[in-house]
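Below: a set of structures, written as structure tokens.
Two complexes come next, and they have one chain in common, subunit A, joined by subunit B in the first and subunit C in the second.
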Partner chain A sequence: MYHLRSLIRQVRAEVLVLPSRVIALVFVIGLLLFPLLTQDPYLLRMLILASLFSIYAASWDLLAGYAGQISLGHALFFGVGAYTTALLGLHLGLHPYLTVPLGAVVATLAGLFVGVPCLRLRRHYLALATLAFPLMLTGIVFMFPNFSGGEGGIWRIGRLASTRVGEYYLIVGVMLVAVFSLWRIAGSRVGLIFHAIREDEVAARALGINIVRYKLLAFAISGFTAGVAGALYAHFARIAGPSNLDLFMSFQPVIWTIFGGAATIYGPVTGVFVLYPLLDSLHVLLPQYRMLLFALLILFILRFMPQGVTTWIRDAIETSCPSCRVRNAATRRACRACGTPLRN
Partner chain B sequence: MVADILVNGLVRSGVYAMLAVGFGLVFGVGRVLNLAHTAFYMVASYGIFHFVATGLGTPLAVFLTSLGVIAVGLALYKFFIEPVREMEATVLIATLAVAILLQELLLVFFGSEIRHVPAAFPGYSRIAGVRLGNQEMATLVLAAISLLGTWLVLSRTRLGLAIRAAAQDREVANLMGINVNRVTTIVMALGFLLASLAGAAVAPLLPVEPRMWMHPLVIVLAAVVLGGLGSLKGSVIGAVILAFAEVLVVFLVPGGSYLRTAIALLIMVCVFLVRPEGLFGAGATEER
Partner chain C sequence: MRSLFACLVLTVALGIGTCGQVIRIGVVGPMAYIQGEHHWYGAILAAEEINAAGGIDVDGTKYTIELVRIDSNEMQPGPEAVGAVERAITALKVDFLVGGFRTEAMLAMTEVAADYKKIFLIAGAADDALLKGRVDKNYDRYKYLFRVTPVRSTYLAQVSFILLREVVETFRRELGIEQPKIAIVAEQAAWANMIVTLVALQAGAPVDKGGFGGQHVGTWRPSALATSVAAELSAVERAGAHIVFTVFSGPVGVVFGRDWGRLQIPVATVGINVEAQAQGWLEATGGFGAYTATVGIYAEGVAVTEKTIPFVNGFRTKFGEIPLYTAGTYDAIHILADAIRRAGSLETDAVIQALEVTDYVATLGRVAFDELHDPIWGPEHLTGLGVQWQEGAPRAFWPREWRPDPTAQPDLVIGYPGTVPYQIPPWVVDHWRGTGK
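And then the complex of A and B:
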């Protein structure tokens, strides 16, 4: 009873005061209650894929949006996760609950493997060097078709759960945990250090921050999360193939994150949950013009909201207190933390 | 075999160098990492296909295509890219969206089937006992002329001086009375011109299809950073290295056509391990 009351108090003090957090809460509850309303397999499949790609996009946001290490080869981690779990299942016959974490661990190692040579590279050089890694791995996959499945990929990977609803709750649960953890990491001291590294590496080093350690940490966390997404994706789609590693797969998290708003964690999730269902329904309605409309939409959104959709909406419904930087609903007269008048 | 490698390597070097120089110029002056650069090269190939199919002569087709590509490119740049130019990641996605837009427009107008453009200079000629396709030679001549022309414009004219000044430091160039925005627009047009000439040059040599922009994009990005961002000499040398690496892998390694991109990128990463700023790039301290 005591815990329940303190939970309610927490929710009222920390969540209900900010419109953006209310929206997030409604979204989470809606996502969890969705299968009670309808169990339409098409809709469930769409939401599952959107959840998987949210994990993937949020992992890119931590690495690129916060730590400023813009990676154009994020498909490497996604693909390594997918291939690891698929290969372990195929050659050793291990259970998905074992191979998915192993896939994520191997993707973490891939993150460190990419991170070490990239430590010396800056900005555009880094972006283009990371671009190379998934394409090199694709070459290796094609080299050993008997082991890796070659161009066709690996088929008939084991399911995660016997029913669609079971898969839905598993994957949505993992997504909520992963995104919330990333959000907490991004808001912690580590996240602050990532901000500092992005803004000015030399200044951060002068303040005694171990740049090497934190950059590798960013690569490792991001690789791990993207690996989880890739491994779960392989089990859900039941195939791991070279398309998990291709150029467009690397660009997709960038599109979602920039569209939603970089360096926010909830931005990429919004981006995926807006763009992915939209693209999917355009596929049904206007298959011929789907990518055309998609590209036009992205261009126009970026033209008029260059910081991304969530940043634009957040700045419209919330203001930041000029003296203590706490965020407030735009309707408030005085800051909720320090009482400074917000409008005069 | 050796002659084949040499000829193919030179042709690819020429095409990649044209693309890489245009890309490098646009990046150097406009600070725009234009992922749509090779999409314009693809549009040019389709333009040549269209005009040749309607029965125009090759010179007229090349002229009209270049004009069209420059006009479309500048319109897209002015409306979508220039207002967000200051935000790096946004530019990345906006240019990528432009590339997808162009790809999809071509799909709508021309369909997804692979097109072939008849050679403008059919036949072969023998030079020192080696059989050379006339079309390949024309491509090499076109690449040489356009690269030489670009170099002359940059080194011998007042416009070239303004371009180099703007590439070195936009703010100071602006203070010296150079209209930096106009210079950027001119450089953009020059980049589109080089891309469309490259597209015109490969149209009779390679199959024309709506995904043909991806492979050259990767190679051009690799060539430009391999040579060092902001160094045109570096871009050309990077393009030559990667073109020959690609051709050697395709000719000498069994199943090499799968590996050609991987090897080119491996070379780039290896160069980065030794010189993080590329072969001819400015060091991190000089960079702004």
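And then the complex of A and C:
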């Protein structure tokens, strides 16, 4: 009873005071209750894939949005996670509950492998260097077709759960934990250091921050999270193939993040949950105009909401206190933290 | 205004009232490629014919066919294929599925069909493993899968062996080369693996032991989406090959035909090249694809059954092309319609039972399914054709005087009217004539 009361108090104090957090809470509750409303396999599939891609997009946001390490080869981590779990299952017959974490660990190592040679590179040089890594892995996959499945990829990968609802709760659960963890990391001291590195690397070093360690940490965390997404995806789609490593796969998290709002963690999640179902529905409704409409929507957002949809909505429903910078609901007259008047 | 609204409501209501019952068939294929286009074209022709004839009579109720185009983008297999099929079943509510192309993708797509208990008539993928080890080992799960075309890889290999033997014999007869050197160029795809292994084994084996009495000089495996095979062809030439055995289903077939003719590589090509079954083959290869020989289903003026020529002509009139084997969706839909009529029900198990006892004369031969739900291959059933591009058209050179079983049935000779002898390309003749090696 005490814990319940404490939880309610915390929700009241931390969540219900800000409209954006209320929206996030409603979203989480909605996701968890969704199978109780309908178990339509098509809708569940759409939400499962959106959850998987949310993990993937959020991992890119931590690396590029927070730490400023713009990666255009993020599919490497996704693909490494997918291939590792598939190969371990295929050749050693291991259970997905073992191969998925191993896939994430190998993707973390891949993150470090990419991070080390890229330490001295910045901006577009870094972006171009990271672009090369998934292409290299694709080449390796093609070199050993008998082991890696070559162009055809690896099929017959085991399922995560016997039912669609089981898969849904497993993947949505992992997504919520992963995104919440990334959000906590982004808001912690580590996240602050990532910010500092992104804004001014020289100044951060002058403050005594070990730039090398934190850059590698960003690559490792991002690689791990993208690896989890890739490994789960392989089990859900039951394939790990070269398309997991292709250019479009690398660009997708960039699109989702820019659409939703970079350096927010919840922005890419929003981006995925809006854009993925939209694109998938257009497959059914207007297949021939799908990509055109998608491109027009992205252009519209870039033109009118350059900071991303979530940032635009948040700025519309919340204000920042001019004195203590704490965010408040736009309807408030005084800051909830320091009492400074918010409106004249 | 009110009367206009009433008219609209009436029209819509009448429209709904008269539209009748519909069977939705999902046509699965790589729609951005010619293979997928022909899946779709074949299905359109079948649906139009059936609907024009009043639809399918199911226990007194008439059903018309509505096709749903499903782009599985299988040429480079990825999760999109699985997603496309699942979307078709769950969102577009298809009742049956036909088509499919790449084995790798089909293995996963047919799993989805089995999950949702949807009948999937395969028209495009050959690998044995699509049905063998599934329908026989786990009938309850995989009973929904049937293959209409092509025949399974083992039989496809058998047909391509017969064609290779024809070419080897022609080299012996016309150029005096007793032990022709055979190279293999096959795309990287699961369905090709077994064929490649068998040809490599048989190439050097003596004729009296069922081999070709030649010599295997190497195997090359380019990508199914390769944009040049000049390196592979140069290696084939350096290896001194007389004949190159091809195994292509993807666009690399066009690239191979173009590079082979352009570089005048002194080897004769025979085997499987799906792109060479297309009307636009010569145009696609820049005119360099003449004399390419491939296993095929349809050829100029060859009547495999009484339905073949009307279908080929109808296809050509409507779409301006000769059908590829993937246009076997035409036969697949007719076979499905026939089974539904016989079952007198749309209930899945009843249709499966009806399909299992199918004996249907299709455009590609007489279709009956074996215990694996594979079409029976051989005389009086499906044989396929050996097709070579001669004088600007695909002409059948096999079966001409084929004796399937000379010992047990010496009098059984199979040959379709309209077949012509195989021709070695002239530059190959010029290169090897008189060398005797």
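Operating definition for what follows: the second predicted complex is superposed on the first by the 344 of 344 C-alpha atoms of A that agree within 3 Å, B and C clash if a C-alpha of one lies under 4 Å from a C-alpha of the other, contacts with A are read in each partner's own complex, and residues count from 1 in each chain.
Note that contacts are C-beta pairs under 8 Å (C-beta built on N, C-alpha and C of every residue); 3 or more make two chains touch, one makes a residue touch a chain.
Being a predicted model, the structure only gives us computed values, none of them experimental.
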Side-by-side fit of subunit B and subunit C on subunit A, or clash: fit
Residue contacts with subunit A in the superposition, subunit B compared against subunit C: B
Looking at A:F259, would you say it contacts subunit B, subunit C, both, or neither? Reply first, second, both or neither. first
Tell me the contact category for A:F142 with respect to subunit B and subunit C: first, second, both or neither. both
Between subunit B (first) and subunit C (second), which does A:G153 come into contact with in this model arrangement: first, second, both, or neither? second
When the two structures are overlaid on chain A, which partner does A:L302 contact: first (subunit B), second (subunit C), both, or neither? first
Determine, under the contact definition given at the top, whether A:L192 touches first (subunit B), second (subunit C), both, or neither. neither
On the A-aligned overlay, A:L25 touches which partner chain: subunit B = first, subunit C = second, or both, or neither? neither
Output check: A:H124 vs subunit B and subunit C. Expected answer is one of first, second, both, neither. What do you get? first
Smallest separation of CA atoms, subunit C relative to subunit B, angstrom: 5
Intersection of the subunit A residues that touch subunit B with those that touch subunit C: 142
Under the touch definition given earlier, write down the residues of subunit B that touch subunit A in their complex. 27, 33, 79-80, 83-84, 87-90, 92-94, 96-98, 100-101, 103-105, 108, 214, 218, 221-222, 225, 229, 255, 258-259, 261-263, 265-266, 268-269, 272-273, 276-278, 284, 287
Counting only contacts in the complex, subunit C reaches subunit A at residues 69, 71, 76-80, 82-84, 86-87, 90-92, 102-104, 107-108, 111, 116, 188-190, 221, 223-225
Subunit A to subunit C touching residues, read off their complex: 40-42, 45, 49, 142, 145, 149-153, 155-156, 233, 237-239, 241-244, 280, 283-284, 287
Okay, in this complex, where on subunit A does subunit B touch? 64, 70, 72, 117, 120-125, 127-129, 131-133, 135-136, 138-140, 142-143, 247, 251, 254-255, 258-259, 262, 288-289, 291-292, 294-296, 298-299, 302-303, 306-307
